[in-house]
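As written, the chain order gives the labels A, B, C and D, with residue 1 at the start of each chain.
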Amino acid sequence: MKAIKDSVHGHVRLGPVAAELIDTPAFQRLRHVKQLSTVRLVYPSANHTRFEHSLGVYHLARQALDGLELDPDTAAHVRAAALLHDVGHGPYGHQTEGIIRRQTGRDHDDVDWLLSDADREICRVLERNGLDPERVAALIAGGEGVGALVSGELDVDRMDYLVRDAHHTGVPYGTVDTGRLVNELRLTDPPETALVLAEGNVATAESLLVARSLMNAVVYRHHVSRVAGAMLERACERYLDRTDATIEEFRRMADHDLLVALREHVPELGGRIERRDLYKRAVWVGLGDVPAGTVDAAHDEELAGEREIADRVGIDRESVIVDVPSRPGLKESASTVVVDGVPQRLEDASELVAGLRAAERRRWTLGVYCPADHVEAVSDAAADVLGLRTAGRPA
Amino acid sequence: MKAIKDSVHGHVRLGPVAAELIDTPAFQRLRHVKQLSTVRLVYPSANHTRFEHSLGVYHLARQALDGLELDPDTAAHVRAAALLHDVGHGPYGHQTEGIIRRQTGRDHDDVDWLLSDADREICRVLERNGLDPERVAALIAGGEGVGALVSGELDVDRMDYLVRDAHHTGVPYGTVDTGRLVNELRLTDPPETALVLAEGNVATAESLLVARSLMNAVVYRHHVSRVAGAMLERACERYLDRTDATIEEFRRMADHDLLVALREHVPELGGRIERRDLYKRAVWVGLGDVPAGTVDAAHDEELAGEREIADRVGIDRESVIVDVPSRPGLKESASTVVVDGVPQRLEDASELVAGLRAAERRRWTLGVYCPADHVEAVSDAAADVLGLRTAGRPA
Amino acid sequence: MKAIKDSVHGHVRLGPVAAELIDTPAFQRLRHVKQLSTVRLVYPSANHTRFEHSLGVYHLARQALDGLELDPDTAAHVRAAALLHDVGHGPYGHQTEGIIRRQTGRDHDDVDWLLSDADREICRVLERNGLDPERVAALIAGGEGVGALVSGELDVDRMDYLVRDAHHTGVPYGTVDTGRLVNELRLTDPPETALVLAEGNVATAESLLVARSLMNAVVYRHHVSRVAGAMLERACERYLDRTDATIEEFRRMADHDLLVALREHVPELGGRIERRDLYKRAVWVGLGDVPAGTVDAAHDEELAGEREIADRVGIDRESVIVDVPSRPGLKESASTVVVDGVPQRLEDASELVAGLRAAERRRWTLGVYCPADHVEAVSDAAADVLGLRTAGRPA
Amino acid sequence: MKAIKDSVHGHVRLGPVAAELIDTPAFQRLRHVKQLSTVRLVYPSANHTRFEHSLGVYHLARQALDGLELDPDTAAHVRAAALLHDVGHGPYGHQTEGIIRRQTGRDHDDVDWLLSDADREICRVLERNGLDPERVAALIAGGEGVGALVSGELDVDRMDYLVRDAHHTGVPYGTVDTGRLVNELRLTDPPETALVLAEGNVATAESLLVARSLMNAVVYRHHVSRVAGAMLERACERYLDRTDATIEEFRRMADHDLLVALREHVPELGGRIERRDLYKRAVWVGLGDVPAGTVDAAHDEELAGEREIADRVGIDRESVIVDVPSRPGLKESASTVVVDGVPQRLEDASELVAGLRAAERRRWTLGVYCPADHVEAVSDAAADVLGLRTAGRPA
């Protein structure tokens, strides 16, 4: 059995199907898509890719499958789904997901990417090995109950990325006990097959939630990463506007393709991202200072707000970015744990969930970014345009 | 400068006073006092000692002092206090603390241990180096504001043991970011000098609390460790009853002395602890099933309960142990963090604290332990004697 | 399947036989025997025990067996042998091995310990599970070819202790790639079954040798550990002389038993060891300064030398210790690696072996130790008595 | 003081000059130059960059400077040199060094890069802070004795990359004890100032050498990385031939620029590298099978050989690559260690050096690579053209 050395899990052994899948161009492309996009501008060691993450997810899925007693055919489909769950990602991963969704209506784990991929080489490998691409795609989307292992509240995707992101940023908060988690997963009986944690694991489930919450605070939503991410998103939108690149071509780009394309076609923003010469925060305020209408604003409204702020200040419309995150939430709260023999949602079994949700709400912040020179003027205009109680500009 | 290699912090450099203090018999004794007493019966790698922990606390104190700008004399006293903070511990550390407190009225960080120690060699080393033993002792007890660095809600003791205990048990939950914590500590201005975390560290403080809570759940209060710890405590009480060992002699024992003494003088319990042939849980119930009077029972009442249960079942009085932990609490909730320029208690700044407290309450359990043969009878009798709503015997 | 958390290997899963064996008193005793005896006086974190090491050896053996395709019955015997390989150790492990060997003619991995053990509980567990204790004992001694996995040049014992000792001392040099090593082990065809490393692993085998050599230099033969070890050995000899303890009782002691017994019966040396108040080096010289006769001196001659030195100086005979290590060697040099299809001894396949052997010879040192006050006089007398070219006293 | 979190060293604190230097575009560019170029095609986690490595070198230099007692001005220049030592690197680091050297006569640590850099922003920052760019450049090249800390046999560059590359590949062999190394560095007295390791560190120096040798075997010269690296080098040569890019423009490219440029202008090789669709080894032979003339062949002769082989087989000249590494050597052998008070070269003080050199010679291999279809024909032709004793084609 072939083995690949991974800095997180040690030797990852690959079955023959996995070894073949990895050699396809669509999978090799993941070597060129970073896991944490702009986070590396804050944590410079965070250069890990979706390639190694995908291997890690496959590895954890295999360990979890050891204890789940599925029929061999289902297990083989789940393994393939775990390995392939990220091939639908655009360049810079989650950072371009919103753009792709708005233009195509599809997320990165949408069933169709896998099936529609131009060269279909992944599908051919699957079929050659007796696997059904449609079933693999459905599992990637969380289907069949056991698909929750790949995409659900207790999925191995989450376990891998928390540990991996902590390892590569050097931050200690994402360290969950993957060994225990995969050992303690169970499938409830049909017909309502669901993935749950066995008895005695409320603290285990809480630790996953806590890791996620602390990583959100310290890594995933670090303001430098958010500013760079917002600049990247606007640069991509302009790139798609200004060139005849299709959204499908865009989705298949790798990070290096995008970085070069942005520098060429959107030089101001593209060059700034490359040199880490970032916009500054003109506004940085919490939920309490933002009217509900603004929190729930559609993307178009965000863009309209940007234009209005820029116009009032009298600067180039590209120079203002309004960044309104989606409402705070913690998907992991819906994970299921067996307590006294009864499967319960974690949010019902643990008083911690409410506290973590409150912490997520407290940490939610709306940002408005612009070049350093215009911070003061943009701050005032933005407060007015967005109806903020205060601009909350950081010192 | 002398350096000692530590598996957690790497090279710990020692100043000349520290090097001299370490060579005293009272400090060398800490090599023979394990940090986690009976936890090693669950996590077999957890054999680390108060010696290396004391070095770690000294190391973190030095790092924190770098940023606090104290006068050199105060800093020297704080360093000595950090190094010496655990010399007052009895054998098996916290496990014998209750006994010593009940018989002497003093805790392990009581000012007097250091000053009264038989050979006074530590005091002589301090004085020879121009340090005042009474001031060191006061700092160990948390005095002078800056003593909070050694004993307080944000002390380096806590930071070291969370990381060290996680490292040695192999559990990932105690990993706090000591580098960040010691960098972000500040002293507020006199006269009310207090140790606080600088602006922007609510998540840092929360991570300390969360680490503590998860370590409580998974390590410190693991039921096997609690059963063994309760057996050890009873064995020590009988040892003190049956021999003419004074409490002061007892306090100065090392772990190996105690283990041999117990096997000789309290052979049934002593032998069981040595062979890990532990009592089983006859009762294991949460706060909701225990009347308030039982939760707050004094130690004498616990012992009286044990005797009554044993008598009802008709077995030897030594064969029943009632283990009522103190009420749940989280000292770290009172740590102070600067938020928008104002020092706030963490419990006021973070919604997470309430959730963690609720989780601590949920995890609180009263246990009654006895040899496997009597579990059923003891369970019934205990429910009756202690007024429990249910015996909650584990399957 | 039961799992125990280990700080080195993570979750170690235990089969039912292993779980039963671990619960025997003879195995539980290993919790009280430190892996590195006196090394902890140099590296204070090195408090790990033969208990956790034995679990680690079992864990690696299981991984290696995955690739060796033995019949299930042989594999079950090998697993038991791996788990039990250290139950024959006396207190303080290797440090008392010489004494036990001289008095009984048997090493710690001698076949007979397991079979002769007083309570025979281990044998009963083995037999109850259809395993033959004699066969297990023979495998522990390296028999049947495949016994080399437990005791041989490429055994998993060595792999575990190098990694574990590095982890607990905090020294980086013992880090071998256990994942690769166990994956690459092969058994050659009968009748001459031997354990070899597969093609392409000369560097893998070299890394094992190198790790051993550097750990020798920096950890295992550190002079402080050697001085303390020599003091412990003499103290044990006197303990056996002065009391009526049999060598068999001695062998079954745990570390804490021995420490207390020495302090009571050999108070001068015992107290010094406990307080780390060690003898100093009066002589510290390399092979080139020592006549061959002295290098190869029998233990009796060492003791006679000590007496003569003490007499000349006019001090108590207990106050001088002559410490002559056995001739330098590297057992791992005889490991076998497949090169171009042909199994070769590593020493024939690697030019590095000669260099490492020379380094071992260079690092060999004879020591004479005594209380600090007598260092000068002992140094002179020892040079004369032992016929040294120079006393090489460290500054 | 600003701090950046690094996954290897934890918090790296930056002085004000360092913080300013890091913000220059020339330094930010290092975020986009991978430390190990094509090694990531074997070890997928090895995506770390020269940016974080440079921070690590700065960090270790600061630690070493603590013990060296240089005047503050010299120390400030050394710190700047440590931070900036890699800004001269071309894209893909060492992989393009040969091309740049052949076309410009200058290495990456040549004094001139720093001084001649187009925008001269680094020079301006240095001058603004009272530092002399020429002196910094001279230190980067190893000047003034103390420059050996940045570029020499015992430089902190080497210490950082061995540990960092081990961390990111997941291979355990590069783990040297940086804490001990930087503590033990000393400068000998003028006029012949040299950097040496203090007494008692022969094993420390050996460990550095051993780490390098094992990393060479397992990581740096892994055949997959060598094949990809050779393909990259040829692709770059063709890119420079086919476009009007100057060598100076080429040197300032980042990895992503180069990857896109190669795919566009050298599509066959560029596309293969991107998809990891690599040439196969037609020849793979050791020193003993290669005539001296071939080992020492100039680059032109290598290219001529390629053409001749391709012509004989009748395939495209781009389809054959001859890869002759430079003669084996171990620069670290010349490091200096104090032994019995006298500074000695490691190769004189350690018998291990000869063994490691022999191992390096054994591992030296000449490779000839081509598309899978032509392996057999190329193998035969190459043996003939290059005068090999055998083609040594891997199975």
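Keep this in mind: contacts are C-beta pairs under 8 Å (C-beta built on N, C-alpha and C of every residue); 3 or more make two chains touch, one makes a residue touch a chain.
None of these values were measured; they are calculated from a predicted model.
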Partner chains that chain A and chain D have in common: B, C
Greatest separation from chain D - chain, by CA centre: B
Approximate Å spacing (C-alpha centroids) for the pair chain B, chain D: 50
Geometric centre distance via CA averages, chain C-chain B, whole Å: 34
Whole-Å gap between the CA centroids of chain C and chain D: 40
For chain C, residues contacting two or more additional chains: 10, 171
Residue numbers on chain D that touch chain B, as the complex places them: 3, 10-11, 179-180, 183
Residue ranges of chain D touching chain C (in the complex, touch as defined): 171-173, 175-177, 203, 206-207, 210, 214, 217-218, 350-356, 358-359, 362-363
Interfacial residue positions of chain A with respect to chain D in the complex: 4-8, 10, 23, 25, 28-29, 31-32, 34, 40-41, 43-49, 51-52, 55, 167-171, 254-257, 259-260, 274-277
